[in-house]
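Presented sequentially are two complexes of subunit A, the first with subunit B as partner and the second with subunit C.
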Partner chain A sequence: MSCVFRLNRCGSLVTLLTLALLGTLGSATAQTFSAEQLSGKLVITGASTLAPLIAEIGKRFESHYPKVRVDVQTGGSSRGVADVRQGFADIGMVSRAMKAEEKDLHAFSVARDGVGVILHKENPVQALTDEQVVAIYTGKIINWKDVGGKDAPITVVNKAEGRSTLEVFLHYFKIRNTDVKAHVVIGDNEQGIKTVAGNRHAIGYVSIGTAEYDESQGVPIKLLSVGGVAASTETVRNGTFPISRPLHIVTRTPPVGLTKAFIDYAQSKAVHDIIKQQYFVPMVD
Partner chain B sequence: MTSLSNNTLSRWSTDELLCWSLRGIATIAGTIVMLIVVFLIVEALPVLHHVGLLRFFTDPSWHPAEGLYNLTPMLWGTLFAMTGSVLIATPLGILSAVFCHYYAPSVLARPYRRLIELLAGVPSVVYGFWGLVVLVPLIAEIQPPGPSLLAGILILTIMILPTIALMADASLANVPQQYLRGAAALGLPRWATIRGVVFPAVRSGLFTGVILETGRAIGETMAILMVCGNVVQIPSTIFDPIRTLTANIALEMAYAIGDHRAALFVSGLVLLAMIVALVVSAEWVSRGRMYG
Partner chain C sequence: MAETLSRPQNLREWLAFVLVWGAAGLVTAVFCWLLGDIVWHGIGHVSWTFLTAPPENAGRQGGIGPILASTSLILGVCLAVSLPIGIGTAVLLAEFTSDQSLFGRITRRSLDILAGVPSIVFGLFGNAFFCKMLGLGFSILSGGLTLACMVLPVLIRSTEEGFRAVPASYRLSAAALGLSRTTTLIHLLLPAAVPGLLVGLVLGVGRAIAETAALIFTSGYVDRMPESLLDSGRALSIHIFDLSMNVSGGDTNAYASALILVIMLLAINGTVSWLATYGLHRKIMTV
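Here is the complex of A and B:
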């Protein structure tokens, strides 16, 4: 995921240089719109969660409109909002619900991100309350027998610092990462699933998209429901699953021309496969 | 006369040309290393400025998002994994080369050597994947959680074994025949010949092999990342998970920004310092005869 993204950044650098060489600097940032051919450059900045997804969508958009260049930079949701407000970026990426003071911006949701708690399939525990999850992750409960399981020590699987899944998880359960007593720290979702699938006493959390897919492929894991809501892409999509968040792209003015074309494209069905590849959930099916 | 002087002249200028191009190539190689070091320092500077180098060793924990940057547990993690694997792989590798040269029948020796070469060619991510789905669950059966220092040491051992085995193999092949014939003429048995004649003769080669395998053990990232558990702590048993400096960078770089990112470059600097220390101590121990 990150590799692809970095490649893309290099690509945009090369593009910039080429543009400069060709002496088209003056028109590089101009956005022109005609019925059959779009051209110009889109600068998109903001949340690192969204950046790989938008970069991939941008690549495909570029392949449809060869004269368009999409430049994606990260820096967090707040940078996305600030850059759009100050006009440094055409589009901002915000990986959370819009705040009340951000009503001046035009927000478009492209996908949702849901995080589900997973156990090994053979673990007899069927459900955990939020308090139990918090107690397990902060090291207050260290044996499965305390939550109705077998007499076995719990292996707590946590995510590496900086990952969006970690942020969503900690935010929902209101715990600080310094308080988490982890036994295993993992990077991406697949590694988390392999770790839980290989350890009958492990508990972890991953993006629901990945977990649902792997579960359907016969990987021995199970997704726990949270607050009585089953963890599935369906409940993430309709917003009923509590550990989830919308992923937005925002503009300062109502989008026109190239910006509008890109936003329409990012919200269209044509990019659903990219969204799923990045373990997010498309808004409509 | 004229042709002779021409010849001399042209030979001289060819030498000159070769000399300068070699100088150029050496400069490029040296410059690349220096550029990398400069780049690491420049990227790490912001965090070194307002956090200071000392806090990377005295902070209570590694939680860069909350401004805590202790690297010491990862330094220990790297050292433990490296030491453990080198201690196991070195005797195994040297003895396997000895077997290959002096004990194995030639029908066996050739395929065996090819097999070791194959082991050297397997990409590290394959070892990591195997470790994650086979080795880690096995260790979890003995002592949970499974991903641990032990898993890391075992995977690293398999990975660096071919380095020392092939290096030892090449050194043994270079032992002068007169030595062996001399030993045979003295009526020395095979093991006495190996211990008393061969080993002293190949000492510097074996030493280079150990340095190379240690370097690989320190630098290995992907496989270690997958089997070690990556919990930032100083392990109290070999069943405790650890995080190495390399895994730290690979794990967090993709999503790190600001000070967090700069702190990862400090991890890189510390890693570089470890390698420098290794090379310097190797030079010192071998007193400059390392490549002799």
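Here is the complex of A and C:
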């Protein structure tokens, strides 16, 4: 364990050294970020999906730089974007691809996450075509018997407005949120899993990493494959799974100093173990 | 005739008996089930280390030490601000404002409306006012002040009721003895109004300690040990919410944290009712 940490520290130091050199190129007082020099408080707000991951990365960053405080707050991707624009936060967390109207922000991807459709484990339906998923979510199919299941009404679980999983899901299936006929509207991933696990006739969609973990813990849910590709962190990693999203951290101005050091650290290999620990997929480099 | 009359009456009484006991039993059963569930799942993980250690791996491992500290500080700020303001307003409303006056009516009406406002509204207000406008940022201070705003209406109204419950003869006797209004207030009315104040306190603390929506945007999400009131600190209820709804595999620690929250609540309520029966009761007797 200590060996891993030492390696991490070395890796990040090399990165920081290079950065510092690049940053102060031509300046007479070229200096590196030593543990003593880097200090201050970083406020990071945004996607709840990303919050535990960035908080853990922040803790490790703090352990390298004792004078630095990384404060991670949550509230959703839209909030992250708004807070960064207002200058209320140094870094925002956005758990989706950046939108066209967000070109004013500088985005840095830290990890990937797949979004998978889940059913209760005891639901006999094994696979759904994209058209069937669309029909179910728009209320055209309301009974499981129409897609090869039991004669039971379908409970449609949708995500709340502003959640990135919702946007990724709607974008892939080309549905407008106003057309979704939802019976249950939920917020965080784990809530989606609990809702489906507690209702045999429910259909929902959540982050694949979370669903995979819960499935392995015996929670009665199952991930459906999409377009013939099994939903797993592996297919998300190798890019074959079609519904996936990059997890971004964003800034308003090009990052410098502490902000830059943190972003570089969050994108470095030194945090890949944390990313996996939080059930996300590290970016392939 | 008498017999035919008494029979349906017995039946009615029997029905009422079943309904009343049934309703009471149902409420108790739900509470016991809830408590039992939390204790059953949580007790195994509660230990001294759990209470003092910092959370690890997004709260799946480790303890809740910093979170307990933040929760206590938030509650402390909330009470330090809301108690003096609450008692002051209640005194003004009950003792120095007539029932009919426009000021009293408007104040009471707005307090009643505020008491029914969903906590997320207070959270958004706190975020806009304390965090952004006053520049306190995500901090324990912002969270405590937001909670104080939320708790105040309940606190003021029940303290006011406490003052109103004091018989008018107390005030008349005090006046007859030539005591000043201040002396009457401090030595006679305030101790006598304490039961109302304590009811408000118990309701307010209960609401405050269980609060998530008002705190997530004010005191925030940071689970580090707070170093000052200007640091962000995660409250226990937010920790429970995050572990059960956002962090997969966080359920066991969520249960253990929920158990601690229930114990804290029971301890606070116990202390308050102990204060009510012993501490302050004696004060009135000696006056």
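Operating definition for what follows: the second predicted complex is superposed on the first by the 152 of 285 C-alpha atoms of A that agree within 3 Å, B and C clash if a C-alpha of one lies under 4 Å from a C-alpha of the other, contacts with A are read in each partner's own complex, and residues count from 1 in each chain.
In this text, contacts are C-beta pairs under 8 Å (C-beta built on N, C-alpha and C of every residue); 3 or more make two chains touch, one makes a residue touch a chain.
If you're wondering where the values come from, they're calculated on a predicted model, not measured in any experiment.
S.K.: Would you sort A:Gly187 into first (subunit B), second (subunit C), both or neither based on which partner it touches?
M.R.: both
S.K.: After the superposition on A, what does A:Asp90 contact: first (subunit B), second (subunit C), both or neither?
M.R.: neither
S.K.: Counting only touches as set out at the top, which of subunit B and subunit C does A:Gly198 meet: first, second, both, neither?
M.R.: A:Gly198 sits against subunit B, while subunit C stays out of touch.
S.K.: If we overlay the two complexes on their shared chain A, which of subunit B and subunit C does A:Ser48 touch? Say first, second, both or neither.
M.R.: both
S.K.: After superposition on the shared chain, which partner residues are touched by A:Gly75: those of subunit B (first), subunit C (second), both, or neither?
M.R.: Once the two structures are laid over each other on A, A:Gly75 reaches both partners.
S.K.: Could you tell me if A:Asp113 is touching subunit B, subunit C, both of them or neither one (first, second, both, neither)?
M.R.: A:Asp113 sits against neither subunit B nor subunit C.
S.K.: Could you say whether A:Glu215 touches subunit B, subunit C, both of them, or neither, answering first, second, both or neither?
M.R.: neither
S.K.: Going by the contact rule set out at the top, does A:Arg163 touch subunit B (first), subunit C (second), both, or neither?
M.R.: A:Arg163: touches subunit B, not subunit C.
S.K.: Scan A:Thr155 for contacts with subunit B and subunit C and give back first, second, both or neither.
M.R.: first
S.K.: On subunit A, what residues does subunit B touch that subunit C touches as well?
M.R.: Touching subunit B and subunit C on subunit A: residues 48, 74-75, 187, 191, 194.
S.K.: What residues of subunit C sit close enough to touch subunit A in their complex?
M.R.: For subunit C paired with subunit A, touching residues are 57-59, 131-132, 137-138, 216-217, 220-224, 232, 242, 244-250.
S.K.: Can you tell me which positions in subunit A touch subunit C when the two form their complex?
M.R.: 43, 48-49, 51-53, 55-56, 59, 69, 71-75, 86, 88, 187-191, 193-194, 209-210, 213-214, 217, 277-279
S.K.: Can you list the subunit B residues touching subunit A in their complex?
M.R.: Subunit B residues touching subunit A: 61, 63-66, 68, 132-133, 136-137, 140, 144-147, 225-226, 229-232, 241, 243, 250-257, 260.
S.K.: Which bits of subunit A are touching subunit B when the two form their complex?
M.R.: Residues 1-2, 5, 48, 74-76, 152-153, 155, 160-164, 176-178, 182-187, 191, 194-195, 198-202 of subunit A touch subunit B in their complex.
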